[in-house]
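We just call them A, B, C and D in the order they show up, numbering each chain from 1.
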Amino acid sequence: MNAVPDAILTLAANVRLAIFDVDGVLTNGQLLLGPQGEELKQFHVRDGHGLVMLRESGVTLAVITGRKSPVVAARMAELGIHFVYQGQRDKLQAFDALLAELKLSPAEVCYVGDDLPDLPVMKRVALSVAVADAHWAIAEAAVWRTSLPGGQGAVREVCELVMRARGTLAAQLAHYGAVA
Amino acid sequence: MNAVPDAILTLAANVRLAIFDVDGVLTNGQLLLGPQGEELKQFHVRDGHGLVMLRESGVTLAVITGRKSPVVAARMAELGIHFVYQGQRDKLQAFDALLAELKLSPAEVCYVGDDLPDLPVMKRVALSVAVADAHWAIAEAAVWRTSLPGGQGAVREVCELVMRARGTLAAQLAHYGAVA
Amino acid sequence: MNAVPDAILTLAANVRLAIFDVDGVLTNGQLLLGPQGEELKQFHVRDGHGLVMLRESGVTLAVITGRKSPVVAARMAELGIHFVYQGQRDKLQAFDALLAELKLSPAEVCYVGDDLPDLPVMKRVALSVAVADAHWAIAEAAVWRTSLPGGQGAVREVCELVMRARGTLAAQLAHYGAVA
Amino acid sequence: MNAVPDAILTLAANVRLAIFDVDGVLTNGQLLLGPQGEELKQFHVRDGHGLVMLRESGVTLAVITGRKSPVVAARMAELGIHFVYQGQRDKLQAFDALLAELKLSPAEVCYVGDDLPDLPVMKRVALSVAVADAHWAIAEAAVWRTSLPGGQGAVREVCELVMRARGTLAAQLAHYGAVA
């Protein structure tokens, strides 16, 4: 794994809730539209596996997205994502509701974003992460940037960062016979 | 943001109408065709957000494309693009009609293109922009080139360039808590 | 345009028939399959424009492909490709039939390929071209390689190479106000 | 072809069964989902041609994948893959069954993977291969890495490596008039 500064690992060690934007974070940002107005989406298989491991390691998972699509609901259900907020023009509202419901503080939250609508939430949480190809204002505001772009492994990096910091990565890897 | 020469910012400061080609500019140039002859298209989510901000900042938006597809109509409506010209073999005709309707001069127009059919309009407008992967003749003719390719952020760059030059970028960024 | 050796321009000047493989040459090689076994394909808009110009400049156009798909028939018809051979396990058979029908010699033919099934035809024609990401044996056998990969501009490069060598590029460019 | 160490060629010379993961190995890892929950997949045409040649050269072919999709069944049938195991949470089970049925030892098997679920099988076989963009733990565990990413030529590289080591590549190439 890439070298991660101790300060970031300290923030990641406190994470109990990981929130992800969808378009540009769980996807590469391409909106694939069909002739009847239907929307198709591409998710990366290795990102999905990271989310499953992070969930199994005891972290609560959520997505907050401005768009609305049945494909997102289906994929998030397949991965066992606990909370799925779609059609959120103002992401802070969903964020506040979620923290209240889970009785968590922003210090226990990681948020991964790529563009301006993610910024208000990113400024609140302790571990704000920008994907490698994020908008410049997001890259500047985040405390950590992934080395891979959105939809191409960025989410997997974050999942492993959090598990490593929390001390749960070794157990997940050991399940497959791998060593951290 | 990338450094932009003052001469380009001066041209961009006058823009009241921004016109975009579709295939190769708002998309990466790939025409995705299904078995019944239907066409699917991929648009980038961060380009879309740039267009919405540019529109909200007071610039009129238009697309002029040689092809014709219901997907383009749907996506442009979703983004609130004011004028959508499809099936235009000769783009100058739509361009002239649009300027007459809006009572604008070419000095107030930005056009973003990627290939030869864009050239006649690009030679007319003050701010002609080529996407990073444009045809060589377009790259040569344009007064500015984006650093990202079509369908992968080129349009977002142009939106922010125009807003910055017009002095409206800071307000758009501030809405999300970002600083220019 | 890229520098092209005089020897290649001499071969290209004689071209009266340009033949293209489909998958990996007119596309990026990805076979996109849907749940009912249907096949979707992606073609690049700038490649398409090059083919239209090459046809208008007086060169006969053909594709020879091992696969078979209604999407190919539809796109080739849209571009006005004169001869479309699908489902050709042995491409030499279609090649020989085509040359006999058109009363052309191999010295008047350009063929663009990416993989081993293209090799027998490539060894026959004067101007054999490999796309930038072709199989190593094709890259070695070809007299010229494009700088762009298949489905991403390789075909456009070949179209302009042939037009330039035949002295027809300037007229095509002039139509749009561009200079060679 | 790339230089391959003699030790790898020695392992490859013994291969009588080649097993491939699907997502991330035969594809680029993108799961393309439609609005009715249907899944589309992209396979590379040059990978497909490599698999056909490897099969014709006398090697038994299999895929073992954790997901389940009719598209995989259709494409694998088109390529003549002998054994297709889908929906395998534990890949070792399918692996053990396959070796028992074929009366082969792990020393006669090549496995190509990209992520942790592939690791248990990769640790068993003699020739374990990681695609160029594999997860770091897979890249570390594999005895060989391809130079191309999954879904973009990685499988073709493995097919040619095995054929070269077994002395069957020259005959396959000669069929098309190519020289090894």
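We take it that a residue touches a chain if its C-beta (ideal position, glycine included) is under 8 Å from a C-beta of that chain, and two chains touch if they have at least 3 such contacts.
Keep in mind the model is a prediction, meaning the values are calculated, not measured.
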{"item": "Neighbouring chains shared between chain A and chain D, ordered by label", "value": "none"}
{"item": "Copy-to-copy rotation for chain C and chain D - C-alpha atoms, rounded to a multiple of 5°", "value": "90"}
{"item": "Centre distance in Å when chain A and chain B are each reduced to the mean of their C-alpha atoms", "value": "31"}
{"item": "Inter-chain centre distance, chain B versus chain D - centres from mean C-alpha coordinates, in Å", "value": "43"}
{"item": "Two or more partner chains touched - positions in chain A", "value": "32, 34, 40"}
{"item": "Arrangement of touching chains [line / ring / star / complete / other]", "value": "ring"}
{"item": "Chain pairs in mutual contact under the definition given at the outset", "value": "A-B, A-D, B-C, C-D"}
{"item": "Contact set on chain D toward chain C in their complex", "value": "1, 32, 34, 38-46, 48-49, 69-71, 74-75, 151-153, 156, 173, 175-179"}
{"item": "Interface residues, chain A side, partner chain B - complex", "value": "23-24, 29-35, 37, 40, 67, 114-117, 119-120, 123, 133, 135-137, 141"}
